[in-house]
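Each chain gets a letter, A, B, C, D, E and F, in the order it is written, and its residues are counted from 1.
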């Protein structure tokens, strides 16, 4: 874990449930603006047992148990947990498994969007995720607020080129805004936080980066404890 | 697996995702009326990797991967799968993992109830399952048809005494019928099939045993396939 | 009625509520794969008082009473009834009129689709039926699962040419799949069962023939009853 | 028909779909306050082919065709139709059958209630009607506004004693108001119009008499024609 | 106020909540067909404190208090109130502020549309109003009946040319009918009543002018009061 | 305004829309745990033009315009606004009026509850607020997650006695938890923040204090801005 300066029970642990340390590092960097001296520490961790990437329903289910093991192991020295994958793997299970508040990146991002606009759009990476997102949004009971969910249609390499990714996100975000009447969009992926500000500037409507949204909610829970 | 007499690709495999062979045996017996010579074979299997019982969200998630492994391994010699646990563990994942139709016991039971009455009640074993059921029913998009979901409040031992169990199910079913306006009830558990007929007689409204409902749907899929 | 080999109270009676015997014959043929020796008999009947075809709300209402007369007359020697018209004429009324389970072709087909995909499409014959379908889907409380309902726009003669009909169904089904995100489709008409298998092959997603779906559900009810 | 003084195409025809002339006479009397010189005539008619009372789904369906015949026969000399039975028998069908606006008593009463309060209650006569009402309210898409629907539980003779009926309606209306949070109630029956004013006075919240509500809506349609 | 011939407590007061007398005059003219000798008087008033036009959420909120002052001041000599602006400003508040029934033009128009078709479209003036309309329709709980809401995209001057306005309304209405499956449309603005009849003729489906709809509902409330 | 130590554009302004400075002072104290050196400043302001308390729909509407004036006046030296009244007066309007994010206490509190439990309960002060709350929850599109909303039924003086208030809140919260199946509750009022911790301890489920929830969300928006 990336350590930080606050007392452990006042800290927020952001768990990347895939095993890619580079993703965890990017998460940690994206959360830098939320780290205040004397504020809750924000520590980022990588789930060693996770797959390199989580892309199927099966992988979502498979990491639930190691996510639970993680929160059980760390609940004594943590104030709250954030699961940093847009499928919220193990979210419900982790809530059963420990007494600390557990926030899901997708859930928090979508709920935060509801506080910023009337109809939210989602920018997804993979077309194959859309049905899972829709089921989840329906399970959350907020589908009447959904404007649309559109895939980027970019490969992994293209995504890593931030100029290409930003261009494509802008195109997709503009479609959500103009054709689907979205007035707020959620970035449906982890690891794109660096693009939030430029994307928001280009679209002219709020853009929610969901890990940041989850940590923001967690800060309240931890500080008020 | 309990073998049967039809060609394998014309067979229905009912997977008990917990490791209790006695539950599998009870399932198989409950399905006897649906076994016809020259009809689809109905084979019942026990998931060796499953826990003795599935009672928490974490256990539900944890068996998804072995359920997927099972359907991948058996799809070549099976016509359809039924997952025989009221939490439908691994249902979505198994549908991604193989080309055969996969039916969930809860989903099939609830949908079949919609074809038998206007408002369905659910008789659950554990109070702690109610929130999970409600989320699932909301995810299925059928919550406007839900009359109510009530727990039996019986311990494991009491459940095994069928006289006690039937008495309690009748009381709970009557409450669903009289106080919640249910006109059909679903048995929210596997292993109670023997009580379906007497319960239906006592309540005077249709009682759905969900494994039977799932196998009935699977028969159409396999026979027409 | 087309007779069959099982005891009468163990039989399923499929009632074609229009007076066209050729439609009844096609129904009976489509159900052949579901007839197993010692399984429930599947008998098909034509409603003598029905119109040659049921195309308007008025005709839907008008056959309810003769449908009820039919089920009252035959309930002693039948185990379950299926009403084989996609408007489910007389379904509710028949349920009041007799003690046997009564299944509607549309209701059963739509519910079965919910067990095969996340969002269902409907392939309708007439554009003028769409509003009625939508009202019915809303009444069933499952409209959040509807992907879309599109008409074939074919005349009666063209429909009878199965090559033309299959071509058109494939086009419409592909639009439901690609533009409306349906991952399962329901054939919104009786008498097209012969096209189910080729259509499913062409579309690559499950295709539900609703009379078969209704009879499959009825088999469970009769066998377990 | 009870004749009136306006030109025929400017008139509203209120059709009692049961064959009881005494019910028609009571309807006509209840509508007296809405008859203005030079305003739309309000004529009341009895459906000769109707049953003495409409109490089952089967009867609801059975009168649809004679209702359609009636509106077809009278559309040339009528401006609008109101079907005066709380099950709205033949409403959809009559809308297909003629070019005039057709209003259903239940639909109009429920929609008018939505303009008078936030949550509506329904006072029904028969417990056996509740499921039908709920299906209809769901089909109308307004079930989130329903506070509750409670039966009077009175026999026909008791209902005819207006003192007894008013007492019972007051009790049931007060339960809808106090236990179900209704702030407006709809009288779920024809023939109780004389009790609307005293009931409203006793309950202190708006009481909608649905035939009056339907005729009020029809007046706009006819006058603006 | 434009005076009329009935007793004051039997009168309907239509309040234009903006300060433009020309709008009030047009309202009054549009309501002429609903004025019957001995029927409820229909008086139209202009809210002196209102802005010249109500176009933003802030203006909607700002007139609520003067609307309440108005109904308090006039409730002794009025039978019912109609607020004649499609944002229904002050509707809820006015219902708290006085004992008379208060009808909102948008609410009444939308509810009346539900009695004339299965799916309603809305023809709005400004694109910027669409989100507010959608929120309101959702608050009313009738969003499952909404076919679509499309803006005219005309400037104020163009709107005043009725030939141009009718042309554009016909185009937009036809899109609602053909692309969004609306079978009834609501004019989402005050002051266009003169175009209702020609628009209905051109579209071939019912067109609801919402002030007329509100007054029609109010007539019932006042006459039966 | 209570000043604080951060740069003005990085600050959160919490506006108490009633004119009671004592309420503002209590708000400010409740937010102390969220004030971090170098974190966003949290300044609390009293709306001079507000009424002493906001209890009716009319008052809710009436403060919208001065709320808008306030945010317009302060947007240059503020990073985000929080409207600190459970009716969210002027929330939509303020979002139109300025470019800064504006958070409503009720909206933020309810959305935060959705991230802490499956079904939320609301503890309201006044019974007369329940209908307004329900409309708002419906407008937000989250009513399927509502477990219940119950009033405290305490007078102003009793509320000020925190021992009495906590007792009563515990009783009402326990009813929401036990009879309505809430697994998270929202305090439906401003000024009770001091009771959040003891109430949460007594109930054993998360208790959301909505001003804190709104400020927590605002911190993310400001820090990331």
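The criterion applied here is as follows: a residue touches a chain if its C-beta (ideal position, glycine included) is under 8 Å from a C-beta of that chain, and two chains touch if they have at least 3 such contacts.
These figures come from a predicted structure and were not determined experimentally.
Q: Using the contact definition given at the top, which chains are in touch with both chain E and chain F?
A: Common contact partners of chain E and chain F, which must touch each of the two, are A, D.
Q: Taking all residue numbers at the chain C to chain D contact, is the shared part over half or under half, that is, same or different?
A: Answer same: the two copies use largely identical residue numbers here.
Q: Centroid of chain B to centroid of chain E, CA atoms only: how many Å?
A: Taking the mean C-alpha position of each chain, the two centres sit 53 Å apart.
Q: Between chain B and chain F, tell me the centre distance in angstrom, where each centre is the average of that chain's C-alpha atoms.
A: 44
Q: When the C-alpha atoms of chain D and chain E are each averaged to a single point, how far apart are the two points in Å?
A: Each chain reduced to its C-alpha mean, chain D and chain E end up 25 Å apart.
Q: Would you give the residues of chain D that are in contact with at least 2 other chains, written as numbers and ranges?
A: 135, 138, 141, 144
Q: Which pairs of chains touch each other in this structure?
A: A-B, A-C, A-E, A-F, B-C, B-D, B-F, C-D, C-E, D-E, D-F, E-F
Q: Quick one: which bits of chain C touch chain A in the complex? Just the residue numbers, please.
A: Interface residues on chain C, with respect to chain A: 118-119, 144, 181, 183.
Q: Which of the residues in chain E come into contact with chain F in the complex?
A: Answer in residue numbers: 56-58, 60-62, 64-65, 68, 90, 92-93, 96-97, 132, 135-136, 138-139, 141.
Q: How about chain F: which of its residues touch chain A in the complex?
A: By the definition above, chain F touches chain A via 33-34, 36-39, 101, 103-104, 107-108, 111-112, 114-116, 140-142, 144-145, 196-197, 206, 209, 212-213, 215-217, 219-221, 223-224.
Q: Given the complex with chain E, which residues does chain C contribute to the contact?
A: Chain C residues touching chain E: 130-131, 134-135, 138, 143.
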